[in-house]
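Got a structure for you, written out below as structure tokens; questions coming shortly.
We call the chains A, B and C, going by the order they appear; numbering starts again at 1 in every chain.
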Amino acid sequence: MVNGIIETEKLSISYWGKPAVKEVTATFLENDITAIIGPSGCGKSTLIRAFNRMNDFIPGVSTGGQVLFHGTSLYRKDLDPVEVRRRIGMVFQKPNPFPKSVFRNVSWGPAINGYKGNLDELVETSLRQAALWDEVKDRLGDSALDLSGGQQQRLCIARALAMEPEVILFDEPCSALDPASTARIEDLMIELKKNYTQIIVTHNMQQAARVSDKTLFIDGGVMVEYGETEQVFTRPSEQRTEDYVTGRFG
Amino acid sequence: MGAELITKRRLEAHKARRWREGGVKGILFLCALLSIVTTFSVIYILARESYTFFERVPVFDFLFGTRWTPLLEPRSFGVLPLFCGTLLIVVGSALIAVPIGLASAIYLSEYASERVRSVLKPILEVLAGIPTVVYGYFALTSITPLLRQVFEDTQVFNAASGAIVVAIMVLPMVASLCDDAIRAVPTSTRMAAYSMGATKYEVVAQVVVPGALSGIIASFVLAISRAFGETMAVTLAAGATPRITLNPLESIQTMTAYIVQVSLGDTPAGGIEYQTIFAVGALLFIVTFGMNIIAHKVLRRFREVYE
Amino acid sequence: MKSGLRMIGGNIRQRRTFSRIFRYVCGAFTWLAVVLLAVLLIQITRQGLGWVDWQFLTSYPSRFVEQAGIKAALFGSLWLITLTAFFSIPIGVATAIYLEEYAPKNRLSSFIEINIANLAGVPSIVYGILGLTLFVRWLAFDRSLLSGSLTMTLLILPIIIIASREAIRAVPDSIRQAAFALGATRWQTVRHHVLPAALPGILTGVILAMSRAIGETAPLVMIGALTYVAFVPESLMDPFTALPIQIFNWAARPQKGFHSIAAAGIIVLLAVLLLMNALAVYIRYRSQRKRQW
């Protein structure tokens, strides 16, 4: 097996005994953008939330199998989930900036984690990386809730970037946004490829095709196919994959 | 870079943080436990002191005796007069507050416009916020004279005065809870009733109110419980004469007023007169506690049905 | 009487008229509450307003109506709510935080919740008995400000807890999720995000609890707040009196003259309450303006 940055081995997740993800085995390579696609309720969000242990907050959840990050299990008993979330960040479906200033939104994460460097620089760098700096550089003290939806989502990306993670997880990040904002965020993701590994859950197949290097198709909790995006969309090896990407179901 | 995750330094940082988080959680938990400690303290104190009381006075004599003269010779410790006095207040106030409260709730939730609602609801809240001693004063100086003009043989201290102001005190609670209960009935139920050609009265009185019935009843029980525990208004207005009577124009004494009377006086601690506080208090507590538990159970089941 | 929804032929006009009468009856009963409140306030104002003057506010009680004043009671009440706030706010808010953010969904937690709901319905005089035995006797704090404020704390704690819980619950969960995803611990999230957002609601609840505390008489009577106090308390262990106690004492006197200054005392008490509630409304208003979710 090639050494990927995140590897899962027979990862299974269930809620109160009902399985949501069944024995998914996959390797995600550094600096890849991987799209996870599948019909509603197939387990995409559950899968991605296992990578930063956000599933821990859901009552009745049980996780079997392994998730390895640089070869170390993320679910080790002596590993604090807080540590995990500092290295693996997340952007949510609906933009959820804190009801604080733009500056504070980006600086809060590093500040509570004892960041010793120059916060002003860090905030500017993160906002630049999120392609938001020019629009907010004069409004750093304004409330984040005054920004438009697309800007808020880019702010959430900047906020995640400020933590200098290695991996960023996107849980349907554009589904609440208009096409123009969506396009800007997709461009942003391609820019971020240089320094970050990204895993994006999406139900928008054109987006997956545009943006990702690899695509993982999951249906009913089972990983059906995982390969190069171009191959999955044009010459899928599974019939179910072909049915899904051609719109026959889902 | 993965090795960084678990270098020794980070492991120690985890430990420190884990201790701090655990400490915070522990302190918060202790605060929460205080409520349980409070309840147990109340029960323990009432039980222990009542126990010594009941070693001297048989429980049967206490509960069913008809003479209450613990401070004068010959002593008698039958609590019925006090209980009867309280009951007179409770029933009297319920007779007034229940229909008015329910009618207000119906009006506020079914008939009143948003503007009217936004005026009336705060007024009800103000009524609820007025201290009970103010109501006692009002009973004594305004209601009793009025009663004496209408019914000539009303005594200076009388149960009716007390019952009226307790009703006013309890009214906002009844109205508010009934209002919640009525609003919990889904619009679709009302629409179904209207679609069968019913008038508004028929929809409200014959479909909506019965649908909200357990919530409404719970509010009545809570109001009665509150009336049981009312102290200052009845102490000022209803009198200090323990007496078994059905006549609201006479002076009586409630359980709560008795407890106040003993506290204001100079009864030595440890004596049997002092212990009557706990016996009467225990009776009061058991009655109100029991009613509250029933009311909350009913309320919870009502909410489950509609959510 | 017609049953259910069956239209039994019957005169529609008759039913409609009945429906209209019903509406007016309900409305009348509701406006009755307004009338009662107006009567109450008018009566008290008439009887007492003339007696509220600077001399009244700055004198001590006396056997003579003209010289009696409310100074001791006013200061006593202010001391009392300050101390009560000092004890009850941290414990109440901490309990609410624990129940909303930390408590596992087990039987102990439900037990605590049921407990708090029940404590809210216990008559205030029973709290008085508790305070008398626990603070005045067992802990030997005697009939002091300390005993009074501790008793009041226990009385209003359920109010603060319930109001704070609702304020905390109203904070959207997406904020918490965002904070966790950045690697924040539970306490960091609560301290930096949940509490600031819930603060207006908590403050409103605290002020309402304090309004309740300032008007309560029965527990103070039980623990022995004196009714003839000719001094202003200066330390925790001093005996004291409070506004409602003084009012009660004057109202209970047979001489009519004292009824007038009782009314005056009530006006002072209601004025303080009005101020506190206005503050609560102001806080709620300001927070609605800033709120953006």
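We take it that a residue touches a chain if its C-beta (ideal position, glycine included) is under 8 Å from a C-beta of that chain, and two chains touch if they have at least 3 such contacts.
Computed from a prediction, not measured in an experiment: that's the story for all the values here.
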Arrangement of touching chains [line / ring / star / complete / other]: complete
Chain pair, A-C or A-B, that carries the greater number of C-beta contacts: A-C
Per-chain Cα centre nearest the global Cα centre, belonging to chain: C
For chain B paired with chain C, centre-to-centre distance based on mean C-alpha positions, whole Å: 15
Separation of mean Cα positions, chain C and chain A [Å, integer]: 48
Inter-chain centre distance, chain A versus chain B - centres from mean C-alpha coordinates, in Å: 53
Where chain C touches two or more other chains, by residue: 185
Chain B residues counted as touching two or more neighbouring chains: 17
Where chain A touches two or more other chains at once, by residue number: 82-83
Residue ranges of chain C in contact with chain A within the complex: 105, 172, 174-175, 177-185, 188, 192-193, 197, 292-293
Contact footprint of chain C on chain B as seen in their complex: 17, 20-21, 24-25, 27-29, 31-36, 38-39, 41-42, 45-46, 49, 99-100, 103-104, 106-108, 111-112, 120, 123-124, 126-127, 129-134, 136-138, 140-142, 168, 171-172, 175, 193, 196-202, 204-207, 222, 225-226, 228-232, 235-236, 256, 259-260, 263-264, 269, 277-278, 281, 284-285, 288-289, 292-293, 296
In the complex, chain B residues that touch chain A: 1-3, 5-6, 10-11, 14, 17-18
Residues of chain C defined as touching chain B within the complex: 2-5, 7, 12, 15-16, 18-19, 22-23, 25-27, 29-34, 36-37, 39-40, 43-44, 47, 90-91, 94-95, 97-99, 102-103, 111-112, 114-119, 121-126, 128-130, 132-134, 137, 154, 157-158, 161, 185-187, 208, 211-212, 214-218, 221-222, 224, 244, 247-248, 251-252, 259, 262-263, 266, 269-270, 273, 277
Chain B-touching residues of chain A, taken from the complex the two chains share: 69-72, 78-80, 82-83, 87, 166
